[in-house]
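Which chain is which? They are A, B, C, D and E, in the order written, and residues in each are numbered from 1.
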Amino acid sequence: MREKLIEKGLLLVAFSAVAMIFLIAYLIFREGVPLVAKVGVWDFIASTRWAPSKGSFGILPMIVGSLEVTLLAVIIGATLGLSCAMFLAEFAPRWSVRILKPMIELLAGIPSVVYGFIGVVVLIPFIRRTFGGPGFSVLAAAIILGIMILPTVIAISLDALNAVPPLYKEGSLALGATRWQTLHRVVLPAARSGIIAAFILGMGRAIGETMAVIMVAGNALTMPTSLLQPVRTLTSNIALEMGYASGDHQAALFATGMVLFVIIAILNTIALVIARPRT
Amino acid sequence: MITHSSSRGLARLFVVAALLLPLGCSRASKTAITLAGSTSVEPFAERLAELYTRAHPDAEISVQGGGSSAGIRACQSRICAIGMSSRELTPEEKGLVEIPIAHDAIALIVNARNPVRVMTLEQARDVFAGRIRNWKELGGPNQRITPITREEGSGTRASFEEKVMVAGMPKDKDGKANPAAFAPDALVQDSNGSVREIVASDPAAIGYISSGLIDERVAAILLGGVAPTEATIRSGRYPVVRQFLFLTNGEATGTAKAFIEYVLSDSGQRTLTEEGLTRIK
Amino acid sequence: MILRPLAWQRIVWFALAAMTLFTLVVLFFIIGFITSKGAHVITLKFLFGMPERMGKEGGILPTIIATIYISLLAIAIATPIGVGSAVYLCEYTRESPITRVIRFGADALAGVPSIIFGLFGFILFVIRLRMGWSLLAGGLTLAFMILPTIIRTSEEAIRAVPYNLREVSYSLGGAKSQTIVRVVLPNALPGILTGVILGMGRSVAETAVVIFTAGSSLLMPKSLFDPARTMAVHFYILAREGLSMERAYGTALLLIIAILLINVVAYLLMYRLTRKMR
Amino acid sequence: MDSKLSTLDPLNPRPLEPSLPKLETRNSKLETQNLNVFYGNFQAVKSVSIAFPCKAITAIIGPSGCGKSTLLRSLNRMNELVDGARIKGTILLDGSDIYRLSVLELRKRVGMVFQRPNAFPLPVFDNIAYGPRIHGTNNGSELQAIVERCLRSVHMWDEVKDKLNDSALRLTDEQRQRLCIARMLAVEPEVLLMDEPCSALDPIATLRIEDLMRSLKEKYCIVIVTHNMQQAARVSDYTGFMLLGVLKEFGTTKQIFTTPRETDTENYISGRFG
Amino acid sequence: MGKRLILRGVNLDIEANTIVSVIGPAHSGKTTLLRVINRLIETQREFMRSGDVLLDDAEVRRLDIDVLRRRVGLIFATPVPLPGTIFDNIAYGPRLQHHHRRQQLADLVEHSLRSAFLWDEVKDRLSTSALRLSGGQQQRLCIARTIAVDPEVIMMDEPTSGLDPISTAQIETAMRELKKQYTWVLVTNNTKQAARVSDKVAFFLSGELIEMGEAAQIFTKPKDPRTDDYVSGRIG
């Protein structure tokens, strides 16, 4: 009897996360859907002109911008992060891993605004001097986000690599394989789903990041055609304009959030399908 | 027993955490009020609140940013006693009491190293509409211009649009000119401060901010040959001027009333002037 | 393959070592940069003084206090919910539609960008529930933001408790709840703590959510219903508005030190808790 | 303490004297001389000298913790995967020190099968082709031939020839263990080391793996570690008995199981302890 | 376990105060049998059973599950000390029932440790971690822990498979000494051990009880040829 009660109570608690996600979705969609209905789905997501006070609500440049920045950031973060994780897992001496791993996890806790700020004072002037232009650009945003997600990618993929049963490694080494052969032919495939999970989490952080992006991306409303052009992402659109928005403008920002929501859901689903371990 | 002591330890942790929090059930003092709204007004309101509470230690005034719309919304739902707005209210938002507290000129600024110092309104319009793209065309060095504007909905941007972007534009039959659109590749920043910081660090940049926030790293452009000074602003010769508003839901009472009175008083207005605004009275 | 396996391995070694070095240099540059620029700002007056002139002068005590309150509040709310959910998922159900729904909820929540949490918290807690900008609204919103992290790490920690420990408890006549309270949770505690620390770190570092829900008032918060400005928000405003770069660096350095302290305290706590078990 | 144990003094076991009648080993393939293996301060193997003959199965038996696995793993230097492992003494493969070979070459020549079937989470084909590929064979038809030959020699070709692209994890325990043996054969080793290869299998599968071992004996030197005395008696030609890190006795299987010279061996064989 | 049939038509009668060994090769269902008896199997995946398990003529599924498990103790193949002190380990079971005072508990701990022949080795370090004990000591600790809840039957699942010969001998001694108080069921894949300690032996193969009888009879003249194959080492 008592056991049953405990079970029911815990079930209730466990559903709070579900309740919350539905509440969030409900609130965002309730504000956003009427506007999208008014403007038209196609005009909303496929038009390039954003001038809410003039009745134009096109967010295509921001969708493209978000995806471009995120993709680039993940490429940077994943390359560096996975290399780092592989090195720490297989080649670095144990003592150094014991020191470095907590340090890297610590770096995950640095506020994103600090990363953004360093972007403004170090990276932007560097890009401006080296490549010309304003410096605030797709490239700057991608580099900052790529660095920001590094600790997450390293920590999680390192865990995934370490979770591969030593049996597999032994089996490969006993056949006369080098450690690198073992790593890339057996350990990496076996850790595949964990590593992809690391990339997904990194991607999630990158696409959802707001403040750091506002600081370095330039937030212009053009369709980004070059890496050196300023760009506005969906998240920064919301954070930039929410403060002064009212009426349809505000609804359009909620609708932006809605689109972001849907994009993240799609990306997560794709990633989950890829990551599903082959049985 | 470990299982016992450690769960007790965890429990203790939470008790300590809970005790650390002041579990007040209502606001600590009846004289506390909140101001919320425009980030342009926020720094000035904070300064005023600081001085006011120094003279009235029993009063507590907290100042929030969030933007004009958030302030208006919070004021409508009585979440804050006084809203702050740097833009005019839309028809749907009317109904709140509007109290202008200061004039604010919007200055066009460039990096102090930039030799260009004078522009006509039309030139300023063309720079921000993306029709003039090189400083050479304005008598400066051969360098691409990086215009920086504010985000859609910002009061500063609205005033700038209304006064500068309409200059020389064809008028429709009501006699109203349609403002030129901002260049889509202009950088967008969401506060006066960040616009100033970018201009201060990039010789090719140009932006517009509250004239009160100009410092030595940036220079104000003489718009149509007029500098934003108190005299030109009060006389209306400087073309881009707006009002900062305090908003209340119904007549203000208590601390809110006293604070508004202080702001409109001579010493309050003097403070605003010191901080770079132009007095309303 | 033209290269011999060992030669190939050596090349890979150098490539990976170079990438790792580069990564570490970048990450440590960030810390070094902030430290070199901010160290001289941190004085007792800075730590324990009240801010003046919007933070251009004076100290940052209210933001430190606000940061502590809001992050403790967030974990105090999120931990019981998160651990409870994890216990339910691990101990009370097998894979079923119910667990899939719960996991979907947690995963979806983890994917929600912080700006959307900010909007949500603003509408629900600040406006609808009339909490105003307050520590409470901020803490609640942050709690739901970090909930998925806590659920996920607790779940992993609970699953990592060897199954045979539960069997021992059962075979000595322990009921399920007794087994969970006396065997599973104490043994999962280090892992759970890691999740809590991660969540606390995220609350300390979060900016967007806090601006929307707890506001940015520089006054000392006196109750849960007072608005407040956390260190991260203060840093953002200082840096963004160009109020005082020096103080921005100082605040950033303090933030990093705070995260470091949280980690160290957690490590010590974990050490204390596990020492008796080893 | 039980009186039956009085003859056993495990705390002070005497090493096998080199003066003991030396086993007549027709051409020994692999040999240890005075081998000591340490993990940190713990000595797991104490002065073991043993020779493993060609084309024969040698079994190492002994109770848990006697060092038999450690001995086996030091023969292809797999013990080095444990931190703090080191050895003292000599190990000879075809009369030359194994430490003069590269570790890759050594492990190629001395293959190993583990207690738990550790087929890689890859398709069956890739499992077998793994060894040849890492040693430089990339020709498709050549690999095809190797895979077929190896699967045939473990009597598995007919069972899996249609599922070469299925994941190896879908096979039964026994099939996976055979696959591991086939995978090892694909690199053409000279010595096969087997670490309790049947302990996870049921009796029928065990018997079949044992048959396989007998058929492989024609070509290889096989060393098997087992805690199952009966298995040693069934399959091996020579048997060594280890106790607490010491090789107590070594001889033909028949001799060890019928007329052991050491009392410890006799006690263990007859089931008085262990 | 899924759809596999693990145990088939098993009829087994275990008398009080005897040591019964269950032998058989891997995968013959020995461990499952123990888990069916104390219903630990119910905590695992889907499982179905038909037939009855009677403890003193009462079907185990009718008993309160906590009571059943206190009456029928189980020792696992690898010693599983709970993380915590030696004292905590022994006191775990009694504390679950709450009503124990400090002194009572101390007495009970001493009694249990003495019964498992561990008291002299650990009496000075009851408050150190149980994980610091050697493998053999840990397994005796597990026996003492089971004794502390005062069971009637103690089932052991290959309790010495990971232990060295000396520890094995100590545990076997403890079993023989405690035979008067408890009924023992010993699952082992070591036929020699079964021969050393048990009164009766049951031989399982592929989930079936092939033969049960006095230890001497099973090992010298088994009735079933499959038993003969196994005890003589032709299979397994």
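As a working rule, contacts are C-beta pairs under 8 Å (C-beta built on N, C-alpha and C of every residue); 3 or more make two chains touch, one makes a residue touch a chain.
None of these values were measured; they are calculated from a predicted model.
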Chain hops separating subunit E from subunit A, counting only touching neighbours: 2
Of all other chains, the one whose Cα centre sits farthest from subunit E: B
Chain whose mean Cα position lies farthest from subunit D: B
By number of C-beta contact pairs, the top two chains: A-C
Central chain (distance from its CA mean to the mean of all protein CA atoms): C
Geometric centre distance via CA averages, subunit D-subunit C, whole Å: 50
Chain centre separation in whole Å, for subunit E relative to subunit C (CA means): 46
Centroid spacing, where centroids are CA-atom means, of subunit B and subunit E in whole angstrom: 78
For subunit B paired with subunit D, centre-to-centre distance based on mean C-alpha positions, whole Å: 79
Subunit B residues counted as touching two or more neighbouring chains: 2-3, 65-66, 70, 73, 194, 197
Two or more partner chains touched - positions in subunit D: 104, 134-135
Subunit E residues counted as touching two or more neighbouring chains: 82-85, 92
Subunit B contact footprint on subunit C (complex, rising order): 52-54, 68-69, 72-73, 75-76, 79, 122, 126-127, 130, 132-133, 181-183, 185-186, 189, 211-212, 215-219, 221-227, 237, 240-243, 273, 276-277
Footprint of subunit E on subunit C - complex, ascending: 94, 162, 164-175, 178, 182-183, 186-187, 276-278
Residue ranges of subunit A touching subunit D (in the complex, touch as defined): 94, 165-178, 181, 185-186, 189-190, 278-279
Subunit A-touching residues of subunit B, taken from the complex the two chains share: 38-39, 65-70, 72-73, 87, 90, 92-93, 144, 146, 151-155, 158, 181, 184-190, 194, 197-198, 201-202, 204-205
In the complex, subunit B residues that touch subunit C: 2-7, 9-10, 14, 17-18, 20-29, 32, 34, 36, 43, 46-47, 50, 60-66, 70, 73-74, 77, 79-80, 191-194, 196-197, 200
